[in-house]
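Two complexes follow with chain A in common, the first pairing it with chain B and the second with chain C.
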Partner chain A sequence: MRVGKLPARKARILAVRYLGAGVVTLLFLFPVYWLFMISFKTPDEIYHVPPLWIPGQIQFSNYYVLFRDGDVLAILNSLIVSGVSSGIAIVLGTLCAYSLARFGTGGENLAMWIISQRMIPPIAVVFPIFLIYVYLGLVDGYFGLILLYTAFNLPYVIRMMRGYIVDVPLELEESALVDGLNRWEVIWKVVFPMVRPGLMATSVFTFVFAWNDFLFALVLTRTEVITFPVMLTHYFGGQSNFWAKIAAMSVLGTLPIFVAVSVMQRYLVRGISLGAVKG
Partner chain B sequence: MADVKLSGVHKYYGNVHAVRGVDLTIADGEFAVLVGPSGCGKSTLLRTIAGLEDPDGGTITIAGAVVNDLRPRERNIAMVFQNYALYPYLTVSENIAFGLRARKTPEIEIRKRVSEAAEMLGIGNFLQRYPRQLSGGQRQRVAIGRAIVRKADLFLFDEPLSNLDAQLRDEMRTEIKRLHHEITTTMIYVTHDQVEAMTLADRIVLLRDGNIEQQGAPLELFEQPRTGFVAGFLGSPSINLIPATFRTNGPGAAVVFQTGGELTLPSAKARPLANMDGRDILVGIRPQHFSRAGGPLREGVVPYSATADLIQPTGTRTFTTIRIGGTDAVAELQAHDVSSHGERIDLAIDLNRVVLIDPASGLVIA
Partner chain C sequence: MLEDRLPYLIVAPAVLILLLVGLFPLIYSLIVSFQRITMTENDTSFVGLLNYAELFRDTRLWASLGHTAIITAVALPLELLVGFLMAQLFIDRMPGRQIFVALLVLPTVISPIVAGATWRLMFDVRFGPIGQILSFFAGEPVRILWTVNPSYVYPAIIICEVWQWSPFMFLLLLAALSNVDQSQLEAAEIDGASYLRVLRAIILPAIAPVVAVACLIRGLDLVRIFDIIWALTEGGPGSMTETISLYTYVQGFSQFETSYTAAISFLVIALLTVITTLVLKRMELAR
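Our next item is the complex of A and B:
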């Protein structure tokens, strides 16, 4: 009797759990859903009372306007700035991390000092940086933003990659050195494949940091290189807000992150848990 | 094929003087085993030969060329590590071929050598598997395979069997010995296990605190140790060291135990101590030199009556703890020589092979 009952009880508990998880998921996904829906609505539908859950007809005019007016260039700017700065930060950071992990560069404290740079409140340094950038003529250009995001992402990359590299058994590298590889080849052929999940996870995070930055982009750009978060603020007006453009632009700005995370998902989970275990 | 010569090699780690001026020559094709307790510098010495550590003094010569300034890959050596050091993201076949690909060996040649090595080591069926799908013993075979295909001048083994269970270790030891007979490359093997050292080596180099304590053929070290440390390190169970006083007695001589009782030494053993009457010495008797008394005793074999304390049968032999000179000593007897705790047994001790040690210097006197 009892044996028969147990699975039923377990099934009920499981059902309640799934229900709870479902409710929480819906709650969290609702703003995203609403954003997507607005982006497909006409102005009348956007302001309709009571709110319309689904637009009467899916139409892309809100997106068309963004392309027609060249606003989507902001997405391209963000892609260039975030992509290039993450790439540089990953390459330089991984090499620095290797040096810290394997050669003990800087002794005990350098690694901690490097990560402490991440703890500075960005707002505290943004105006001094602005003044320096004005002096150097770096405001409102790709190079200035790329330089800044690289500098801000480097400590994070170094910190994360150092942990992953320390986890690679030293004997693997020594064996490769004896077998005929030089140090660069060891990094490329032994260390890199071993830390790949961590490297992918770190890459996604650096990209997202740069992609989502608003503060520096707002202060350091004017008209030439406007990134996606700054472009969004242009649609909030004193008289009215352009909700259609805001929604469409937000969707376009979310897509690259969505794609990046989807493609890297397998690595992300492993990469994050690897770091967690090491502590 | 290559000989290896170390002269005056030093290595420091901060304040720790890990290798203290080691001079060592290993002949072409020789199987040398560096053995010693933890921290004696044996692994450091091996890593210095490999080029994974830079010596702080002295010269290392491989095949007649000084290699101090050469990188590991320029020394034409192959090395097998304790933790196998297999690349988890490569198959067995790719792991074995790794060093050859690094040296841009033609693919046809790589395939030929990989299959030869796989056949020699009995891992032909696993070539497409990944290391995680193999047992410990199979992994170590792959690691050895990776070394073999390189056809290097010199093979280095850094405690390759330490991670294996006892039975597998015995098997792999035999394999490595056979391997050396087949490929006759110079091999340097590091272990802390004296059984591995004794069974594998053409020559044992016993290290202690960064110095060579003694080197020579396994039986030479076992039978003619130069110091008490060597006598104590080699042999399982360890040699029994019993404190006593040396007494001359006319033409003969004896060792007198502090708790009473004495053993008369054979003249060959007594002669070097002729003028040392009254000196304290350590009497080293190996467990194998005890036997059950029966029949007439040979020259140098003395009777000794004892009470069996602990009895540890191993199947073929039985280790029995007895008291001798106030010290616990282990006697290795035939399986059925002793049966119960507290049993009175008449033993014979072969003093022709006793080791007499000066307790002050630790040197073997006779």
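Our next item is the complex of A and C:
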């Protein structure tokens, strides 16, 4: 009797869990849906009372406006600044992490100092950096912003990559060295393939951190290299918010993140949890 | 030989950049904080602790610290709780779990400015869906000016914040929960222990380290909260939702109180250092 009942009970529990999962997912994704939907609406539909939950038709004029007025340059700026800075941070950070992990360069002190750099609150350094950048003429240029994002991502890259590199068995490297490979070849041919998943996850996060930054970009850009979050805040103005522009720009600024995250999905969960567990 | 110098050569670029962009501005800022540079005056003579003494008389500064504390104290436990409940929902295997997890991560990776902007559109009193949904359930028109009305600005900020970061807690807790010793759970089930007892005796001790680290990460982020508030309320109405980061920004970039801003920065750094050290100490004690 009992044995016969169990599958039915299990099926009921599973159904309830799917229901719960569905409701939770709907709740969390509804704002994202709302954002995307507004970006497809006509002005009449956006300013309709009561709000419409489904646009009459999918039309792209809100996006067209962004391209026509050159607002999308902000996305391009974001791509350049985030892409280049995370590339540099990954290369320099991984090399540094390798040295810390394998040679113990600078001892535990150097490692601690580098990791503690991440604790510095941006708001505490953004003003002196602004003053220094004004003095050096680096405000509103690619170089200044790239340098800054590189510096702010380095501690993260070094901490994460040091963890991944320590996990690579030392014997592998030693036997490669015995086989006559030099250090560079060992790093490139032995260590790199082993830490590739970690490197992928770390790259995505550094890109996302730089992409999502607002404070530094707000302070250090004026007109030339405005990034997309700063551009977005330009549309908030007193009574008249340009809703169509806000929505379309938000979607354009969110798509690269969604693409990066979904392509790298299998690496990310591990990356997030490892980063937190290892502290 | 190159091979001998290699360890230092490959550390050097990263360390150099960190010194240049991380440490140098801090030292510069420390010097400035003992001077008296304002928008109108470029007085580089040293005035000792004058700016730091000023901090204690600045009521708006302490109010902003209070706002920051309120937001942190409410949002952090909420994020933890919501994240935990979500993790409980998805802890057992179910077909398609990966897809749900992938979708639920999305709010966390969105730019906080976009999150704030999205909720600003959602909260809008006439064209946003929140009022519409509330009106539907209330059975009468509900008109709440979420981002302007003093009674609702904090709930608005916290809803947005919890929406964005609960999924982060969820991911961490999901990983932690799946590492809980299954044999202990099964043994407890056979003994007929209640869920609350299992939670207290087995699950919570097992996930405590991850919870502590997650709270530390999120707590530090919450103390520095800037973007979401900038997008939702810009610190308003008045300076009602002005957090310490927003206040520092205003002092630096609207008032151009260079030296005073530097002093505030060091207050913030000191506070964060104290909090972090205390939390880490407690975590070590717990071990």
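One rule holds for everything that comes next: the second predicted complex is superposed on the first by the 267 of 279 C-alpha atoms of A that agree within 3 Å, B and C clash if a C-alpha of one lies under 4 Å from a C-alpha of the other, contacts with A are read in each partner's own complex, and residues count from 1 in each chain.
Definition applied: contacts are C-beta pairs under 8 Å (C-beta built on N, C-alpha and C of every residue); 3 or more make two chains touch, one makes a residue touch a chain.
These figures come from a predicted structure and were not determined experimentally.
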Chain A as common anchor, with chain B and chain C clashing or fitting: fit
May I ask you to decide whether A:70 touches chain B, chain C, both, or neither, giving the answer as first, second, both or neither? neither
In the superposition, chain B vs chain C on chain A residues touched: C
Which partner does A:254 reach: the first (chain B), the second (chain C), both, or neither? second
Quick check on the superposed pair: does A:237 touch chain B, chain C, both, or neither? Answer first, second, both or neither. neither
Under the stated touch criterion, which partner chain does A:177 make contact with: chain B (first), chain C (second), both, or neither? first
Put down the vertex angle at chain A formed with chain B and chain C, C-alpha centres only, nearest 10°. 100
In the superposed arrangement, which partner chain does A:124 touch: chain B (first), chain C (second), both, or neither? second
Superposed, chain B and chain C have a smallest C-alpha gap in Å of 9
Which parts of chain A are touched by chain B and by chain C alike? 182
Parts of chain C lying in touch with chain A, wherever the complex brings them together: 3, 6-8, 10-11, 13-15, 17-18, 20-22, 24-26, 28-29, 32, 86, 89-90, 92, 94, 98, 100-107, 109-115, 117-122, 126-129, 132, 163, 166-168, 171-172, 175-176, 209-210, 213-214, 217, 220, 223-224, 226-227, 230-231, 234, 244-245, 248-249, 252-253, 258, 261-262, 265-266, 268-269, 272-273, 276
Contact residues on chain B for chain A in the complex? 50-52, 71-73, 77-79, 81-83, 85, 87-89, 98-99, 102-103, 146, 150, 156
Going by the contact rule at the top, pick out the chain A residues touching chain B in the complex. 169, 171-172, 174-182, 185, 189-190, 193-194
Show me the residue ranges of chain A that touch chain C in the complex, using the header's touch definition. 14, 17-18, 20-21, 24-25, 28-32, 34-35, 38, 46-51, 53, 92-93, 95-96, 98-100, 102-103, 105-106, 110, 114, 117, 119-132, 147-148, 150-152, 154-155, 158, 182-183, 208, 211-212, 214-215, 219, 228-229, 232-233, 236, 241, 243, 246-247, 250, 253-254, 257-258, 261-262, 265, 268-269, 272-273, 276-277, 279
